[in-house]
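When the chains are written out, they are named A, B, C and D in that same order, and each has its own residue count from 1.
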Amino acid sequence: MQHFASDNYAGICPEALAALIEANNSGHEPSYGDDSWTQQVCDRIRDLFQTDCEVFFVFNGTAANSLALASLCQSYHSVICHELAHIETDECGGPEFFSGGSKLLTATGENGKLTPDAIEAIVTRRADIHYPKPKVVTLTQSTEVGTVYSVEEIRAIAAIAKRRHLKVHMDGARFANAVAALDVHPSEITWRAGVDVLCFGGTKNGLPVGEAVVFFDQALAADFAYRLKQAGQLASKMRFISAPWLGLLDNDVWLRNARHGNAMAQLMARRLAAIPEVKVLFTPQANAVFAELPPRVAAALRERGWKFYQFIGSGGCRLMCAWDTKQETVEQFTDEIRALCARQ
Amino acid sequence: MQHFASDNYAGICPEALAALIEANNSGHEPSYGDDSWTQQVCDRIRDLFQTDCEVFFVFNGTAANSLALASLCQSYHSVICHELAHIETDECGGPEFFSGGSKLLTATGENGKLTPDAIEAIVTRRADIHYPKPKVVTLTQSTEVGTVYSVEEIRAIAAIAKRRHLKVHMDGARFANAVAALDVHPSEITWRAGVDVLCFGGTKNGLPVGEAVVFFDQALAADFAYRLKQAGQLASKMRFISAPWLGLLDNDVWLRNARHGNAMAQLMARRLAAIPEVKVLFTPQANAVFAELPPRVAAALRERGWKFYQFIGSGGCRLMCAWDTKQETVEQFTDEIRALCARQ
Amino acid sequence: MQHFASDNYAGICPEALAALIEANNSGHEPSYGDDSWTQQVCDRIRDLFQTDCEVFFVFNGTAANSLALASLCQSYHSVICHELAHIETDECGGPEFFSGGSKLLTATGENGKLTPDAIEAIVTRRADIHYPKPKVVTLTQSTEVGTVYSVEEIRAIAAIAKRRHLKVHMDGARFANAVAALDVHPSEITWRAGVDVLCFGGTKNGLPVGEAVVFFDQALAADFAYRLKQAGQLASKMRFISAPWLGLLDNDVWLRNARHGNAMAQLMARRLAAIPEVKVLFTPQANAVFAELPPRVAAALRERGWKFYQFIGSGGCRLMCAWDTKQETVEQFTDEIRALCARQ
Amino acid sequence: MQHFASDNYAGICPEALAALIEANNSGHEPSYGDDSWTQQVCDRIRDLFQTDCEVFFVFNGTAANSLALASLCQSYHSVICHELAHIETDECGGPEFFSGGSKLLTATGENGKLTPDAIEAIVTRRADIHYPKPKVVTLTQSTEVGTVYSVEEIRAIAAIAKRRHLKVHMDGARFANAVAALDVHPSEITWRAGVDVLCFGGTKNGLPVGEAVVFFDQALAADFAYRLKQAGQLASKMRFISAPWLGLLDNDVWLRNARHGNAMAQLMARRLAAIPEVKVLFTPQANAVFAELPPRVAAALRERGWKFYQFIGSGGCRLMCAWDTKQETVEQFTDEIRALCARQ
């Protein structure tokens, strides 16, 4: 049975699994990333972004974002993020832990998005040493509520960031979905727009485990390998973390996976919008749909075994589509909702 | 080509890979460990140890040891370890980082092993607040130099630890090799001997990635799940970390793998001991052999492509055998050494 | 010239200075608190609170609050505080730093005060490991906006805290002002009401430097001396930090100082309330008055050399009275405001 | 009664106390260092060192050294120090705490002094990411065993440090005693010799509380004020920490105090050397004497009330002379030793 609780309920996509199995057939390989697979994947990611970036692999998104942020600021600095940012709401204090105490300064903004004005307001609010100095602004692309920053929005944020001497970090747990939604080259919403560091999500895109941290500003990556090692994020049998990326990168499987998830979300949104008792929240652009369901309907769905989360930030239900979500699952799920709504 | 640099050069053993693939066939599964595979593996580990322990999965040994130690002491406490302990020599300050500054107090000891007297000496040396209060003693089993603590040695250390109010932690990156070498039940060298927490190594035993942290004293595991989450060690698609353990645990594959590595090391040691120019160091008991080779011989081997480490702690070469090390590789390697030594 | 920017603009009160000088006349004294003065002051604080509490001295309020909170929770736990709490707004991430990443969860509340309902709402909002588990609730007494929690309010908060397994911490940078305002025994608003740890402010009450951390629950103070040492908060010539407290404690100078500051604030509030163009905010109960002044008036006052802060939390001006604020200064200041307001 | 346990048993020297009292007579002063006294003292220290350095005041030596070191390296870097260095032996893990886990790499060396060769050996021992990268070398001047680095020794160490891209930190808890002993300009053993940051000790030199952190490389001081604030080392009534330095700096009282302590140590050493049963260790150059006393003599002295420490690093007794140690105390103490030794 498939669910809409999270895109991390899905398994490994066939291409990633094939690459993992192939990497296992090569016998002994040097550990800690000195293997041929890892170097190859790093090069492929550089090719993908069309720039000489530094690439590191970590085990999950908590580590990717927390360590990237820690490398951009000291403990007495602060990070500007949206109030719905995953690093603020769902990392159990991971960014604060890895940075040794950097504070997250939250801003509000429509559709889960930061704005230049909100950033400016936070930066200029205080300038005394009793308040941690802002050093980083972080965007989630696609956002926690399934929306996507446009190229222009990212550029505008990066511009204000540069003027205020802030580094720009992108939480790209669902970066692929954003690229697919915008139909742009990945460089257009990252380094060409002013992003310094991208946490490029692999797990939700079809990997078993692992994210890539991509430093477009290579100077910021100095000694980052030591940071990973100390922080328990250096895999000994690294090829099993890196090689599966080949499965995603070859033939643009990563985009195909993302497009599929996005399409399923569009289908879900269209079908939900047609049900009078249901209200679709935000504007679904990536692979998430947020919708207010009548409480009795949500309860009935759960009783039937469907898993999905209530979203704390909005009051609605969060419905995530994965790379493997089937059209018939979406149809069945929305049919059940329609039927439950119709019932008195 | 196979190497003797590290047992983490080896890949995934067939049984672990099969379990991973099977876990991927079940479709959507709840994330963060709420899946059926993870619960099953935890139960299997409890069965294995014949006690109701708490089991957690992390990505690697740095994290396993550092987080386990951090849960046993505060930043102003200290951890007693052998001067050759991996946590002291090869974790880039990981234990200090995760604990927020706990100091490692190192002791010397024959064959890479701590002794009750050495521990006692450290505990009683200072009792003022200018020195971090010892709270934990940590053993590596099997040790960093390929030796193994006997049941009696562990009991004696645990006894002094209890008397001095120290918790006992075991770095079991190669725990399987120790169990295989001693031919005892795993409980005999852990909780029945007084060990509070075991970091049970899976990677070197044939997994792609992952170690288990086993709390025999369940009270010590309180809120450890939060600690893992914050520290970037909670896998979202947890089943791909946990399920491969089934491949190891079913039919005692973990012991078979360990016995094989140990046997290859015994073969290596026997053959090296028979070469007059070579001196075998320590007493090989697990899957490592340390040997002094004539420098020109070591150089020649490396020129031919063999990979192995110079061991900083002893001056010798460290030669590790893995679960998949072939008998003919050991024979060829030692034959080459013999031939190179013979040549003037 | 006197100012209203902060009660820490004031110097050392005569009695504290006399005690410091006397402590210097005794010649050599053991360091790090093993002197006779420090023991004496600890006993005096125990007498004051009528209970066998543990007492420690630190250099300032950042350290007092941060270290006390760090001793009550682990890095993956959280602390519930008011959104205007000093630890949230003015410690540059100190609590996060000393705790290794504990998150502050802020609540709103009238008059700068937490309520049982607000605490309950935060505790029950989430119960998953992606969010740091609440472990502490912290009150500032008197509050950052010059109000005071009544005995009943503290009891109600402590009751909900106990039910939810939260420890209760009190930031008492201006504890003396609260005791003076309520005219209660200090035990009534601390341990008898359910407070576990009090940071008892000395600096703003007339000391040159130093605060006391008072653990009413002695078990929570285990190894706290080590924590202080490691965190750079153990004075070598401790008697110069502790002895001045004798000057405050003898003859209830601490209360006299606080009553004076409170009285000056009352005078200030009365005189400001009588000026039509001025709006007094909150209800001044301790030694602070918050008032909205016409911007041109505030600017003119500053031009004449008066120092005071704009309060970020409310839009008004914060006017603090100290132990040494003179009645004529308050009168002159408010006369000038009246005159400036009258002028067109 | 005077003691030889530590130079921090002494009180405040008259000049420092007078400055503190004078600072208290000026009424209200801006807090957190924006007062006139603090600016004045910073300028005086710049004048003293004849360079435009950045000066900060902290409460004690633990904080001074730990925060200075933390500003020179990241958590995955390491600090090279002598095995007898105070930061290694007596700070309860303070440097590890403030840096978030930086490891101290200890070297041996005669007379408590690091050598260029020892530093070189540590730097070149490892170059892999499993070992924290050395970033700082720290010298204690005068050393923990009462010896003093010559100008040439410091220059030689700084030269190797620069070549290896290490910053040079000086723990100057007894910096004054070293300057007095060498009779050089303070710049000669600091920035002119290649020292980047000095922790300039005030407490042992006659202050009630406080040390200065002096950054000769101003770039290294960027945002250090935020670091101090977050770390609980920013005094609100800063003038009481800074002003007493005026008492030390005016008329070179700091040197007079140091010279006196040194002279008393010389007297002590001469008189002890003349007692056959006593062996003076190291070469007393500053204000400390280390001597092996017959155990029964040491015990008898303690019974009579004399306080002094057994030195863990050498087996001898550590005898510290302070700015106020009286000649007759030294004479009486050594007379008693002579008499006790003579007695069978």
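Couple of notes before you dig in:
Definition applied: a contact is a pair of C-beta atoms (placed from the backbone, for glycine too) under 8 Å apart; a residue touches a chain by one contact, two chains touch by 3 or more.
Since this is a predicted model, take the numbers as computed values, not measurements.
Ranked by how far their CA centres sit from the centre of chain B, the chains are topped by C. One inter-chain figure worth recording: chain A and chain D are separated by 50 Å, centre to centre, where each centre is the mean of the chain's CA atoms.
For the pair chain A and chain C, the distance between C-alpha centroids works out to 42 Å. Averaging Cα coordinates per chain places chain C and chain D 34 Å apart.
The set of chain C residues that touch two or more partner chains comprises 75-76, 91-94, 97-98, 100-101, 129-130, 132, 226, 229-230, 234. The touch graph of these protein chains is complete, with an edge between every pair of chains. On the chain B side of its complex with chain A, the touching residues are 1-3, 5-6, 8-12, 17, 20-21, 23-31, 58-63, 66-67, 91-94, 97-98, 203-204, 208-209, 226, 229-237, 240-241, 307, 322, 324. Within the complex formed with chain B, the chain C residues making contact are 32, 74-77, 100-101, 129-130, 132-133, 223, 225-227, 229-230, 234.
On the side of chain B, the complex with chain D involves touching residues 75-76, 78, 89-94, 96-103, 125-126, 129-132, 312.
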